[in-house]
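Below you'll find a set of structures to go through.
Shared chain: subunit A. Partners: subunit B in the first complex, subunit C in the second.
Showing the complex of A and B:
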């Protein structure tokens, strides 16, 4: 277990360094020079030279990379061209709201997905299973924004239940929560894909677990079927979902960009989208770095949690 | 990585049977695919998906020859016109015929889908096969590169790179191909790692075949089945990616036409009740993506070497339908 943990952490560190190299390369792929982007097109060559000298942009690339990493470790992600604010501030003030949005939608996906998966497992190879699986397949395959648009068309345009746009000017998490009606649609849209994958993984494990000896023993002892499901099968089916939870982080983040853009939710996805429209590279790459590190950490935590929760792994090797 | 501990169900399910049916025909490289073709013709899911794709392709490429529309000039006299005899699906805010636009937009989507599906699969296949054959430090480094690229959602990278260039169909095909190979590479590597230890690979090695010969003549043909499956999903994913990109307003600028842009323009008018600007592109897009996913899912059953019909049931019983995860969602 210790050896496995060390190996796993080592891999995660390697990938984080990889993500830093990636954002560094992308920063230098940016068309035109950094000096031009900051000083504007009419800056004189002398000004550009001074700027390059100040920020070490005339040094060899590997030295620049060292400087870049040092800055990152000090929490300096650069300054937004468009908003003239430090990228770290911009991201930090949006992160709590994103944590709320992503957390709620993942929670919703778990609450719907896992029981649905177990229900399918109990009824597997029956018509109900096929119908539910088909529904998930369609929802999972259909583009995110289609689901968003259909919900807007139905609930906002047709029946006026919700408003399609998040009210502007909200900055605090509390403010987001007070306007919970505006929060419903983004959370629902974001959870659809996760529901599909969680339920299918829960289903496949539950099918294996239902055939296991301990289930038969429990039934033979006279434990009611419902209790077998909630006490034994549910717990064991939750295990692989933890791994999927870690793995699905990138897809949830990508979904958040679209959902936040559609619903005008003031999170990192929306910041990212608007920065892409205005070619604000420091923000784009800062966000990319944060997302990459978050994904690596998420995967690592999921793997560790899996190891801790599953006695077969905890006590094995 | 977590992905290695839980690989996509489809490939893990029965590597033995997949490799053994394919393994027997290694004397005739390229035969691996042939075995699948006859099964493909009898697979209802694959054929229905294929039928839909052919219909949509005909609609997009032959349709404009039969249904002549003006797709070039703006005509504000007939803006936002409802469906009628002159314009079967109405007109958009610029007075351009929606049905005709649907056809032109579909052309670019389909061309992009096929080009990216093939290019990224070839790239990923080579990278994965080389990584698997190398082993050791080289393999570890090559895999960390893939881990890095997969740590950042591909759609996020796509948005960044797309905002750096002036986009047209060619550029966006290049960008998408350059970004979507890592998933394929990881699958192919896993396949190569298990194939390496099989008898035919050992035999080839004993007969004095070089590493590269084994790689090109024994490994690559045997991973073709997996690659065809991922390529099919790749087509669906890249069509989706282009539409999502256009939907966010970062796609290729006009006069480039595609379904995502049509949707964005239409959404602005949804409140005005101009439904014909939103639902047609939405429906066609969903149908195409679903059709390719269906084909991929069915191919997956065939490649894993099981009888059609029973295969679907057996796989579902064990793993559920969930296909190889999309990279863009």
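Showing the complex of A and C:
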């Protein structure tokens, strides 16, 4: 197991370095002047020159890359061209909030999706299975922003049940939790798509498990149906869900652009989007690096979770 | 049919507001001439929405690398400029709110004598000429790293600064300046800095006279700029507690949320009535609009031009609408040195035909629901007050006229094919030929590159494409995100027009903002850094110089009319800024087009008169 983990970590580091190099090259191949993108049309040539000099953009690309790597090795992700703040500060401000928002929505999706999937499996090919599956697919196929706007129109504008947006000025996770009512709609909207996929994965695996020999044996031995489901079927049905969960970690880092835009939630998604529009390379590089790390970490965690849930998997062998 | 109804609804609302103001309760005069009815309530908090706003610099002289327009919103109420621009809704200098009591030009307009009012900083220390010299010394040593420095202007245009007494400053300039230009565009960019509090090189160091040497001035400026970018300490740093504007910073956090509280020692005419003004950031227009529609926490918010149709719904939620003309010029820039269509666009008659075919009144009414400047020339009719020439007021030299456009093209050898593509029939350089560089059978087809992401922009460009077709001018539309567009479309000229950055033909990226004096320098003069299309004319250069350096106050109209006719750019309507505000909030209108932050010092809540 240890050797396996070391090997996987080594692979992860190689992947992250590859992503970093590729991103750096691709970003700097983008046409146009960064200084003009940031400083705008009224930037004088003198200001453009100062900008390029300040951020080393007048140096050859390989030198810029060496400087960037040196900064990274010192834990410095650089300074945002646009926001003029350290990238690490910008990410550190937003990441915990996104983690909370997407963590809660994922948890809600799991709580609803997995039991629903197993329920569908138990009743598969019955009317209730079709109704539930149809509901999930309908919600899944509807765009996030449309669901968000519909909920706002109904629950905020029409009936004033919830507030439509996150109050400005909240920067900490504690502040977000204090205003928990503002979290309800974004969490619900973000969980809708995940519920559909979790439930369908859980359903199809559970159908296979319910037909497996060990389930039949358990039933033949007189194990109560509820116990068969909770002790045997549920555990094995979680394996594909674990894979999805592992892969969803980068989306937590990448943020939820739509939800952030509609619900006034200043997170990583908005930061990434605005930076992409304004050629803010340090932020893009920093965010891509963090997403790369999150991706390989997520996959690694999923692999480890397999071993915990399924003893047949022997990582070390 | 919908637009007129909306306009009627707005007009009815404004009329009703006027009627109510005329009939009820006691009246109160606020700001510069606005009279509002209802019982005045002292105190209260106003919450203002700002979309995409995240100020990141508080020192009022940001570095050259910083381009965050919201910083002005943060600092303008704390450290207003020496010359305060915008007098209520008028596009004029506001002498009452300005720091000077007199401003005189002498010696052939090479000497400016400024007498400061006996006002005080928020800590009770008088504002003196020493504060001016401190400001000047810092800028003189650091002008290259000041965002607003323009080559040849303040502080490098000053030979000497003398201070005969504590309240008088004499600027000895390197050349004559047009007094209007120098007052409205140069001195209006200069807030004073408190020497007694800021002349230091470290947080723990003592205040001295460091600014009096170049090295010292550099050290002080570097210290202040470093402190000015430390967002975590904006609301706690003692430096920023010393202000001379009506407001002080209350709270600030890095998300862009901040508040102003009254400066109790403000010496100016309009002392704040409210207890607090809060700026709250929004990620997008959509988020802001949802909050407005839910009728919750916002007292004032900008209304994006895409959401003009929401006005009646917002009025039902208890909001009024305020219109602020935008001081700027909206345009399509023709690339006169594009390798494919440069020869076409160099022909004045082609540019005239293009302009005649832009149905600007229709764009104003249909795309912007009436909330836009007509775009009759280089100076905005609604926002530039006395700078607007009679020609522009009368509709400009090229009102919409497809027949004139067609006549022009035919007179210059074109076979006009309405709704098709016109072609050059008579190639050549004679007066009735197509013109130099234009080949026989060359089609009159141009690509218009514009900013994507705004429905109103899409509609405007589609309208232009449609009306240009009436004379067989085929416009191909291509859109790109704003930042991509401005980073890839370079400044092109006769001398330099590389294919990599000068491949664009017609360019519409939005508008160019103006100071109070809507100078054409940098945009229309030969080699101007913002003269993207490469327009060059000796006459134009001379006229621009007259507006900046000549003594005549009529020089501006001459420049303006010449530019309007020559069409270095094609003129377009410029949408106004729209705001909605709670109906019980008084003093919001008329909006000052130049204040940037609005003027909450004259706002107050009202309650119905008993």
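Note that in this section the second predicted complex is superposed on the first by the 246 of 317 C-alpha atoms of A that agree within 3 Å, B and C clash if a C-alpha of one lies under 4 Å from a C-alpha of the other, contacts with A are read in each partner's own complex, and residues count from 1 in each chain.
Here, contacts are C-beta pairs under 8 Å (C-beta built on N, C-alpha and C of every residue); 3 or more make two chains touch, one makes a residue touch a chain.
Values in this document were obtained by computation on a predicted structure and should not be read as measured data.
In the superposition on chain A, contact of A:36 is made with subunit C only, not with subunit B. For subunit A, the partner with contacts to more residues, out of subunit B and subunit C, is B. Of the two partner chains placed around the shared chain by superposition, subunit B and subunit C are both touched by A:157.
When the two complexes are overlaid on their common chain A, residue A:207 makes contact with subunit B while staying clear of subunit C. In the superposition on chain A, A:277 contacts both subunit B and subunit C.
Once the two complexes are laid over each other on the shared chain, residue contacts for A:64 go to neither subunit B nor subunit C. Once the two complexes are overlaid on the shared chain, A:261 sits against subunit B and subunit C alike.
Contact with neither subunit B nor subunit C is seen for A:76 once the two complexes are overlaid on the shared chain.
After overlaying the two complexes on the shared chain, residue contacts for A:165 are found with subunit C alone; subunit B is out of touch. Within the superposed three-chain model, A:143 lies in touch with subunit B and out of touch with subunit C [touch as defined at top]. Subunit A uses residues 31, 149, 152, 157, 261, 277, 279 to touch subunit B in one structure and subunit C in the other. Interface of subunit A with subunit B (complex): residues 11, 14-15, 18-19, 21-22, 26, 29-31, 124-125, 133, 136-138, 140-146, 149-150, 152-153, 157, 193, 196-197, 200-201, 203-204, 207-208, 240, 243-244, 246-247, 250-251, 253-255, 257-258, 261, 272-273, 276-277, 279, 281, 284-285, 287-288, 291-292, 295-296, 299, 302-303. Residues 31-34, 36-47, 50-51, 54-55, 81-85, 89, 93, 149, 152, 156-157, 160, 163-165, 167-171, 260-266, 270, 274, 277-279 of subunit A touch subunit C in their complex. For subunit B in complex with subunit A, the residues that touch the partner chain are 1-3, 5-6, 9, 144-145, 147-157, 159-165, 236, 240, 243-244, 247-250, 263, 267, 270-271, 278, 282, 285-286, 289-290, 293, 313, 316-322, 325-326, 328-329.
Residue ranges on subunit C touching subunit A, taken from their complex, read 49, 52, 54, 56-57, 64-68, 144-145, 147, 149-151, 229, 231, 253-257, 279-284, 286-288, 290-291, 293-297, 481-484, 486-488, 490, 500, 509, 512-513, 522, 529-530, 532.
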